[in-house]
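Order as written gives the chain letters A, B, C, D, E, F, G and H; numbering starts at 1 within each chain.
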Amino acid sequence: MEFTVYLAGEIHSSWREEIKQQAKQMDLPLSFVGPMENHDRSDFVGEEILGGQPDKILRDEAASAINNLRTELLMKKSDLVVALFGEKYKQWNTAMDASTALAMNKPVILIRPEELHHPLKELSNKANVTCTTIEQATKVLSYIFESK
Amino acid sequence: MEFTVYLAGEIHSSWREEIKQQAKQMDLPLSFVGPMENHDRSDFVGEEILGGQPDKILRDEAASAINNLRTELLMKKSDLVVALFGEKYKQWNTAMDASTALAMNKPVILIRPEELHHPLKELSNKANVTCTTIEQATKVLSYIFESK
Amino acid sequence: MEFTVYLAGEIHSSWREEIKQQAKQMDLPLSFVGPMENHDRSDFVGEEILGGQPDKILRDEAASAINNLRTELLMKKSDLVVALFGEKYKQWNTAMDASTALAMNKPVILIRPEELHHPLKELSNKANVTCTTIEQATKVLSYIFESK
Amino acid sequence: MEFTVYLAGEIHSSWREEIKQQAKQMDLPLSFVGPMENHDRSDFVGEEILGGQPDKILRDEAASAINNLRTELLMKKSDLVVALFGEKYKQWNTAMDASTALAMNKPVILIRPEELHHPLKELSNKANVTCTTIEQATKVLSYIFESK
Amino acid sequence: MEFTVYLAGEIHSSWREEIKQQAKQMDLPLSFVGPMENHDRSDFVGEEILGGQPDKILRDEAASAINNLRTELLMKKSDLVVALFGEKYKQWNTAMDASTALAMNKPVILIRPEELHHPLKELSNKANVTCTTIEQATKVLSYIFESK
Amino acid sequence: MEFTVYLAGEIHSSWREEIKQQAKQMDLPLSFVGPMENHDRSDFVGEEILGGQPDKILRDEAASAINNLRTELLMKKSDLVVALFGEKYKQWNTAMDASTALAMNKPVILIRPEELHHPLKELSNKANVTCTTIEQATKVLSYIFESK
Amino acid sequence: MEFTVYLAGEIHSSWREEIKQQAKQMDLPLSFVGPMENHDRSDFVGEEILGGQPDKILRDEAASAINNLRTELLMKKSDLVVALFGEKYKQWNTAMDASTALAMNKPVILIRPEELHHPLKELSNKANVTCTTIEQATKVLSYIFESK
Amino acid sequence: MEFTVYLAGEIHSSWREEIKQQAKQMDLPLSFVGPMENHDRSDFVGEEILGGQPDKILRDEAASAINNLRTELLMKKSDLVVALFGEKYKQWNTAMDASTALAMNKPVILIRPEELHHPLKELSNKANVTCTTIEQATKVLSYIFESK
């Protein structure tokens, strides 16, 4: 049995590579999907595909329509979601993706530094498991395949 | 990961071939399904399978029952829907297929000439992405598989 | 037991008044909802509430967002839908509303002139009942409350 | 027909009072629910009901369990959600509530200052309507009850 | 708390009156709905509303469309279903209504003479309770409102 | 794309073999499942697995529990259902299986002799397509795979 | 806004009266439902309504069918569930009712002595809130209606 | 067609091995999943992955979060559930898993000694089939694949 994991969260660090490498080292039958990790491509994809837009808000709107189509499809195909919150940025997309997954009854593992727990407390309580490190999240994924 | 795309819309031009060719050139892992493209077969299939009908409305009714069974099954198996509106015909089936997909939470890409935007504005707002050309739609499909 | 009926379809004739009057004369315990019937208000509501938009397509987009919120809410509250197709206009919203209702398992009564049956044949086959006149539709509504 | 509106978002300004007053002035048949607006009560409710907790994270966990039960129940009873983002705070709960509502097919009106549009662009694209002021949101609510 | 009960089954005996009277004598807060009990009205309603049909099968088709709209609506509004099978007739509608209710997670009480148990055994196993008399069914309904 | 078809209906004739052979001759990518076709095994499976039962009704109950588990599982895995009604037997299981499939939004093809149309009229109206012969049903299945 | 609360759990103490009294003292707009609290009536209702059964297991089966119909209906009508575990009895029904409610996305408050936490740990983790006393549960219910 | 079976219940005997061996001997196309069978690993996994916890209840809470994630995922992937109750332990997890499966419309086979029937009577009535031995359960699984 193989599972697909959606990796929600920031695209400015290498955390996705870490989780993929750890899963590979543990030989976990997992495949990973996630958002566009090229920040500029993600911001400009609307104009790049649909053409120039009148202002910044409309450029955002064009990009977000395409990003949302992508996320909607990949998340529907995923069996569980790992959502990582970091120190920087608003990260409302991470909150949106984790919440959407929970509302679709998909298990969610939350990774966040402990200092961020307070503003994340309600989302943490809804998530299945809340971790502090990437390694903890991978160990939770690994536990699914252990049996004895 | 492979996806199935339902191509809803008119059957009098070669737009389905274009989108399939572009997807092939881009090596996208997509397979395509759609309605019966032979107009006469689609109109007469009721009588051809179930026998002669008393009048034109009943001939339509017999055909539409079989067309609907086909669409219902193929759309349920599809991961997303591309719906193309053209200049001619009533195209109520295209509106029906796109709306049904949206109500089933399947992502929809709408293609229409800009002159038709006004009567399509509510459907366009519900669709995930609205394009003007087939090439734009294919680029949106392609974006799902990019990651960096 | 009272039911709410969503009246989908064109806003340029008085058909909604007819159906309401007939229901009143028959003392049917029905209340009716539907789209904004003031065409200008429906087209300009986006700019009237959210402010001027850069072009016609964006004016349409702003209006349709608000129209869709309204329809989504009122249709969810409705127990059945009557959808009327006339001779004029594209009427893609009518097709969208009827299809959405069917996908939500809400019963749909379709009213259309017989000449329009062919392009509506698939939607007609999915609808619960297809009529030619408003009076027929009201009689179907009335039948729900008869018992002997 | 009366609707219940869940007012998601910050609890440090009087925006809920504004929206309630405007709705009252317009005689809209709406009732409003929302989160606990007393910040301290919301943060300490876990310990106040369940007793002292070993550390700050567990105090948060106890509080969030009770806050989530409340939100889950009230949102299920609501017909639509207004979610307001302001300049301050992480506001991950607001993102969570809006996303949950959208995943439950409840219409969402987003209010945010235009400067925040970029980090909210994906949520804004999923929301039914995005506004800049409270008054715009109330006008959208009012439009549901207009018909001519 | 009041419940609505759909009474599915034959329309050639007075069993619905019996169950209603027993419920009234026990003061149960129940209201009852069901199919058109006038056999001729049920058979001819298609032609009576929509006009003459080319043959018997099409007369049946016109009637059944309207009967199904009625049943679909009333059953959706019902909290539970009592389905009675008798000695005569095919009674495929009764089997259809009971099965539909079960698939919609509505509780079903089956009433049937013991001689008919064998051909009904699978439906009986799926139903919540299987009775032999109307009085037993009413006692089951009554038990819902007892508490001590 | 391959589909699984559940063949509901009587187990006393060879109609399942006919449909399988026709599908094979047409090279349709279909696999077929259905109920236990050995009548005695179906009737006695409860006692054969769970041991002797006190009376005939309880023997039926034991068998039907196991038959229902089987049908529930196989039908959930099926993409569409063909339900055949013949001249003999009560055939309430056929009505139950077809109705359950329709309530689960699975397409249903009904086969019945025209003489039986009247008592089946409501089920026929709900089914996607109603045929008179097995060959017609296979042609409908075949149509799903044609495209031009 | 009024809510209905299903009180799942043992029927050998007066805990339901306590919770009702506390809710009354706090003027909470709640109504309460629950299982048959008369143990003998609950155990013998099958025979009392349907007649004598061949053995003890079949007597249980007859009673449980009727108890399950009652619980299924009342729980579907409930907005949240309070489930109390005590020191005695197997209490598998309590576990079943709480789990069913959670699977139906109904909020659950669990009450249990701390000594029982270990065998209940997975159910406790799924429940929204876990309490030790009845008073704590009532305070959680009360919190839903506070706002400032 | 292959099915996945979730084996819910105690982890202190070798019943899972028995059922797997019997299925293998019968060449049934089944794969089996289930909970962590190493009792200590199951109890301590929270601390082993997430680190030391302040007390026993919190150690349980940390473990149960991870166990629940595992069960939620594996059960969603399963086609049916076999739940075994034995003489010892509280076995509330077994009741929870079986009830959750039933609420998700997954077929459930219950195995229990007859002496335990009384406290299990409601769960047994909801389960598809109730057995006394493992061999009976395997025979029910085998029946799914027989056809003549």
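Methods note: a contact is a pair of C-beta atoms (placed from the backbone, for glycine too) under 8 Å apart; a residue touches a chain by one contact, two chains touch by 3 or more.
Chain labels with UniProt names: A, B, C, D, E, F, G, H = YtoQ family protein.
None of these values were measured; they are calculated from a predicted model.
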Labels of chains that are neighbours to chain D and to chain H: A, G
Remotest chain, chain F as reference, centres from CA atoms: D
Counterpart interface for C-E, drawn from D-H, C-D or A-C and sharing over half of its contact pairs: C-D
Copies chain G and chain H touch via same or different residues, half shared test: same
Euclidean distance of C-alpha centroids - chain D vs chain F, Å: 50
Approximate Å spacing (C-alpha centroids) for the pair chain C, chain F: 38
Inter-chain centre distance, chain A versus chain H - centres from mean C-alpha coordinates, in Å: 31
Where chain A touches two or more other chains at once, by residue number: 65, 68
Touching residues (chain side chain H, partner chain G) in the complex: 56-57, 60-61, 63-65, 67-68, 71, 89-93, 95-100, 102-104, 114, 116-126
Sites on chain E touched by chain G in the complex: 1, 3, 79-80, 105, 107, 109, 128-132, 136, 139-140, 143-144, 146-148
Touch list for chain H against partner chain D, complex: 54-55, 58
Touching residues on chain G, where the partner in the complex is chain E: 4, 31, 33-34, 36-38, 41, 45, 49-50, 65-66, 68-70, 72-74, 76-77
